[in-house]
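In this document, chain identifiers A, B, C and D correspond to the written order of the chains, with residue numbering beginning at 1 in each.
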Amino acid sequence: MDLEYTPEQQSFRAEARAFLEAHVPKNLPPLDTPEGFPLHVEWEQLLFDNRWAVVDWPEKYGGRDCSLLEWLIFEEEYYRAGGPQRATQNGIFLLGPTLLKFGSEEQKDRILTKMARAEELWCQGWSEPGAGSDLAALTSRADKVDGGFKLYGAKTWSTRGTFSHKTFGLFRTDPESERHRGLTYFLVDLQAEGIGVRPINKLDGDEGFAEVYLDGVFVPDRDVLGEVGKGWNVAMATTGPERGLTLRSPGRFLAMADRLVALAKDRPDACDDRIRDRVADHWMKAEAFRQLGLWTDRRIAAGEDVGAESSVMKLHWSHLDIDLHETALEILGPDAESEMKNGAWMKSYLFGLANPIWGGTSEIQRNIVAERILGLPRK
Amino acid sequence: MRFGFSEDQKLFQATLAELLTDECHHEALAAAWETDAGWVPGLWEKLAAMGVTGMSVPEEHGGIGLDDTDLVLLLEEAGRAACPEPLAETVAIATPLLAEVGGAHADTWLPKIAGGEARAAIGLERERFVADAAAADLLILQRGDALHAVPASSVKTAARDSVDGARRLYAVEWTPSADTLLADGDTGHALGNRVANRAALAAAAQLVGLGSELIRLTVEYAKGRVQFGQPIGAFQAVKHHIANAYTQLELARPTVYWASNSVAKNTDSIDLDVSTAKALASDAAHACFRAALQCHGAIAYTYEYQAHMWMKRVLVLREAYGSSAWHRRRAARSLIDG
Amino acid sequence: MDLEYTPEQQSFRAEARAFLEAHVPKNLPPLDTPEGFPLHVEWEQLLFDNRWAVVDWPEKYGGRDCSLLEWLIFEEEYYRAGGPQRATQNGIFLLGPTLLKFGSEEQKDRILTKMARAEELWCQGWSEPGAGSDLAALTSRADKVDGGFKLYGAKTWSTRGTFSHKTFGLFRTDPESERHRGLTYFLVDLQAEGIGVRPINKLDGDEGFAEVYLDGVFVPDRDVLGEVGKGWNVAMATTGPERGLTLRSPGRFLAMADRLVALAKDRPDACDDRIRDRVADHWMKAEAFRQLGLWTDRRIAAGEDVGAESSVMKLHWSHLDIDLHETALEILGPDAESEMKNGAWMKSYLFGLANPIWGGTSEIQRNIVAERILGLPRK
Amino acid sequence: MRFGFSEDQKLFQATLAELLTDECHHEALAAAWETDAGWVPGLWEKLAAMGVTGMSVPEEHGGIGLDDTDLVLLLEEAGRAACPEPLAETVAIATPLLAEVGGAHADTWLPKIAGGEARAAIGLERERFVADAAAADLLILQRGDALHAVPASSVKTAARDSVDGARRLYAVEWTPSADTLLADGDTGHALGNRVANRAALAAAAQLVGLGSELIRLTVEYAKGRVQFGQPIGAFQAVKHHIANAYTQLELARPTVYWASNSVAKNTDSIDLDVSTAKALASDAAHACFRAALQCHGAIAYTYEYQAHMWMKRVLVLREAYGSSAWHRRRAARSLIDG
């Protein structure tokens, strides 16, 4: 057990810190607003130009070939410096790793760099109005035509769909198939003919989601990811063992816990022993997630199968984040209600309330923990 | 000992419920979010016509002269409809105070309130901003131990955001004067405590209504939404989320009714009873909010569906007039140190 | 709404208080021990002799024909005075009301008075080793013979079975039947030939349970309660609408909350704001249960169907009781561990930990709330 | 940065696990409840033969001289087996202290500990009674800032009950003397804090083991127990209870390993790291205890089945050497006021 960072790791951290402290933009309007979005994209481009956008990607796509551990360090520094939410995140964290694993060289060359420098923004197209937790119930279909497919159906909860250029998702290519079979993973241009995009306001009032309608949208063969009919496997293997850490990095919650501690220091009169107990509890749980990240990094390095433990992590931070915000709201008392600006606790609370829903609800995660890790019977 | 409501009280509740179903349905509420005052156009006049605005106004001022036990079911209905009108502030907080103090302010304002011509806003010391301060006619404002009745025309307001889109919050600038004074000194202090208790009770009653409606919506949704080949309401996890929230709510409910009697009669246990009601109702409504959001999934997280308006009302009312922590702190002092 | 007790109710309370304050025995050894049991029985007999054992029963069986409201008052006074756990409780609270509703005059005359004066002690015989939460899965059977039945099988978790004279429970009289059908409700003498009783130590080490084995035990026809083959209905209708209150009365938790407040007053240094917040919370929840009791009393009087709401009550007090004890243990800190005498918080905590298990687990209660009250689908 | 254990460390853990499976199974444990010392006869000698008792004893005193990071997995195994021997007290608390202080006490006791001829009991100021005080050979006792090494022969003990039937608690009467003194003043204070941290860490490590075993037992039971025509482990409510407890436990686990390094190296963050570990492990093990009891139903509530022995050990260790609330209070001071 050696818990000192190496000189190389320390200098990587120092370099990241220096860049971020100098450049992180302050007081951006919310990402999911017409004012805020272009400013966030600008910031992504600055990150890319300085090779901080996708540190763990290959150099040829704008990355630094960093290890998972270095990525964890970068994330700590990013949120420590108050870096804004990543406009590119559904591309670089969800589709990016899948492309790196399943994409052809042509696809990777064509897509990844543009994705990383926020030139092409991607939104996910997983859920459908009738298929949420039960993703395999999806009914959107793709009919084979000459040189490609024609796509029909509706996708929903596409985060930042109204601001994105492209989407990715599963469509049923075998009309006879059921559930997980006969699905294909498509990359779809949102400018294509036959696309309709309708914004959906999320809890804080911003246009965070979109519903995407597809009425005979042509997608060329080259935009199939992986094999036709094997889309489910591609989607499930999306990110590999580090998914638990990359979905939301520990650094994000460490920074949040530090902000909470600062708030408590700032308002001692509002912090009785009960609040102090909770602040300490949340801070410890953020720190525990950091340590679990480093622990998991070594397990991955040792070749252990830690895939299902991403559910443990998601359960942990989903609820930690909400609890932490509820403590902050308690400290703020009647002041909280009127703080709806970006970065304010109330606004960020509303954002976090979606944690136990998106990316697999907490109920689904608990099933995964019980069935895949602990071996309890599925039915 | 008869802890229940009369047939008349239940009938009035049912009548108001019917009015709100017709006039304050969720489309009307969504539209109110877009108005200047955050209110449903024409609704106040209908409430006045039904006698709601005059309920607590003494008969000599043109009202019916009923008390807090009569009001509590109506406030619960207002909560159930997430009704954005300042009903609690006007009928349950300002009116009883004016009636108790009497004098010129009562003579001026109570007939107007009974007639539906005046709405009140409330600004207690502990609250930071005043809801509806710009569109209300009368402001009940507290400074130190003194309570004042201030006409809207003599205050300056500056708008503030609220998480609840139907709630118009303002910072209020005003100057106390002999003309506006209702009470100060020991009387002001005692009345201030009573106003604070009334306000907390009114919030608690609305929270019970809000929680009930969130449970109802969630049950309906869980019965209809099919995933994995069955209604999601057949999954134990969904059932148990809702059952837990419902259990909390059903324990909070009688404490709100009980506290309405303590406030009406100004009993010795008024502080403890109101704190119990507000603490339990705040926590229960919040549990209903969380269960509703979780069991609906993404749809409740959007403006496509009405639940978010109820959830945001819960967020502001659970904090208003003392959070559950504040009320438990007050109760602890009385139980342990008292 | 009239929340003053009537002069009659007040004088009933005063009379109960005077008797209890004068006579409640202090520092009894635990009920479920050979030393403690006879002393508890002695106390029951004193209660009976003064007509305080079963105040809500008809006078001819030793009661006072009290209303539910008066019973609630009595219970408040009983626990306020520090009255010990009732040795007769599984008789007077579980079987008693069933007998009053379904029993023949002969059965009532023969059984109730002896039950109330602790001359005959009853334990329940519901669960079987293979039928716990799933009571309808029971397999113990009763074969018809001349003049009665012969009973075979095993019953378990019979509270105080080793100290009891009689048991009651369901047996399968129709061998072809399944689940809820073909069951009959029997009253069984534990001295009869063919009975074996094996004690089971519960969490605190006392012999709180027994397993009862029946190998051809003869039960005469007169000891069938209700109709042959209709045992399930008899068992389910056991106590009617007031069951939620009689299973555990609000008075019990009020007294417990008052004890907790006294403990907090006694140890101010151990009570920071966090503990004080919890003490207040528990007290409020006990008070809420009291108010819910009075509210429910009026609803019953108005003829409303409140049967399933006993599940709301059981969920409430089951968890309140545990939370309240955990707070007490926190106040006691390292002192708690060694307090294993009757009445000590640690001992009583271990006792309360069974709340969410017996009488229908909390999971079963939540199903009932969801399905019977809220109308969610059963499957 | 390499946050993991070596192959040697894991091998030692596996070897100890095997010994405890053979020698400290639940029947042996139930029998230990009935013995005077509450120990498993012969087990200590086998631990000594395996080198466990000498693990932390410096080489010059006949041990292997390993540190807290080497011990932590062994303590976790001791917890998993609910092992009633004073392994933590002797190997993880007393030995490092004696080795650090050195001198005559170290010369006397360390070779005996390495050889399995001496067991230690620990009595810190904040604890009320001393476990194993009568049967241990050496007592490490604290008075104010001073730490003493007191031979069992010179103390008087009076037995006390414990909820844990394998735990022999005593009130201890003793007289500090120059002969028994290990350290006092600033040195004693600093060492006392280090001893308290080691003790809390040792309890935390055992709690992780206890929690793991309770989860394992519960999963096994839930797979086998059939109700309503299916294994109860197929019900979502049961799955989610266990999954929640497991999640807490898996978050506590790395904090215990991390804190073992902080204690071994006496890092700047030792207090915060140990408090994090003890608070999270206490709460997680308690969650495992509650889930185990609830998912087993009545059987876990009895002496017919082994779980109760694990549950009671959780109850005492979550309180020992600072409850989670105590440790959060310490952490809050360092985070907010520090």
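The rule we apply is simple: contacts are C-beta pairs under 8 Å (C-beta built on N, C-alpha and C of every residue); 3 or more make two chains touch, one makes a residue touch a chain.
Just so it is clear, the structure is predicted and the values come from calculations on it, not from any experiment.
Among the remaining chains, the Cα-based centre furthest from that of chain C is the centre of A. Note that among the pairs C-D, B-C or A-D, C-D reproduces the A-B interface, with over half of its contact pairs the same by residue number.
Chain geometry summary: the mean Cα position of chain A and that of chain D are 40 Å apart.
Chain A and chain C have Cα centroids lying 52 Å from one another. Among all residues of chain A, those that touch two or more other chains are 272-274, 277, 363, 366.
Residue numbers of chain D whose C-beta contacts span two or more other chains: 235-238, 240, 325, 329. Chain contact summary for the complex, chain C toward chain D: residues 127, 130-134, 137, 156-157, 200-203, 205, 209, 272, 274, 329-330, 333-341, 346, 350, 353-354, 356-358, 361-363, 366.
Remark: chain C residues 272-274, 277 touch chain A in the complex.
Taken in their complex, chain B has these residues touching chain C: 1-6, 69, 215, 219, 222-223, 230-231, 233-234, 236, 238-240, 242-244, 246-247, 250-255, 257-258, 260-261, 275-276, 279-280, 325, 328-329, 331-332, 335-336. On chain A, the positions that touch chain D within their shared complex are 1-6, 9, 69, 261, 264-265, 268, 271, 273, 276-277, 279-281, 283-285, 287-289, 291-292, 294-295, 297-299, 302, 309, 312, 315-316, 363, 365-367, 369-371, 373-379.
Of all residues in chain B, those touching chain A in their complex are 126-129, 160-165, 167, 169, 226-228, 232, 235, 237-238, 293-294, 297-298, 301-304, 308, 311, 315-316, 319-320, 323, 325, 329.
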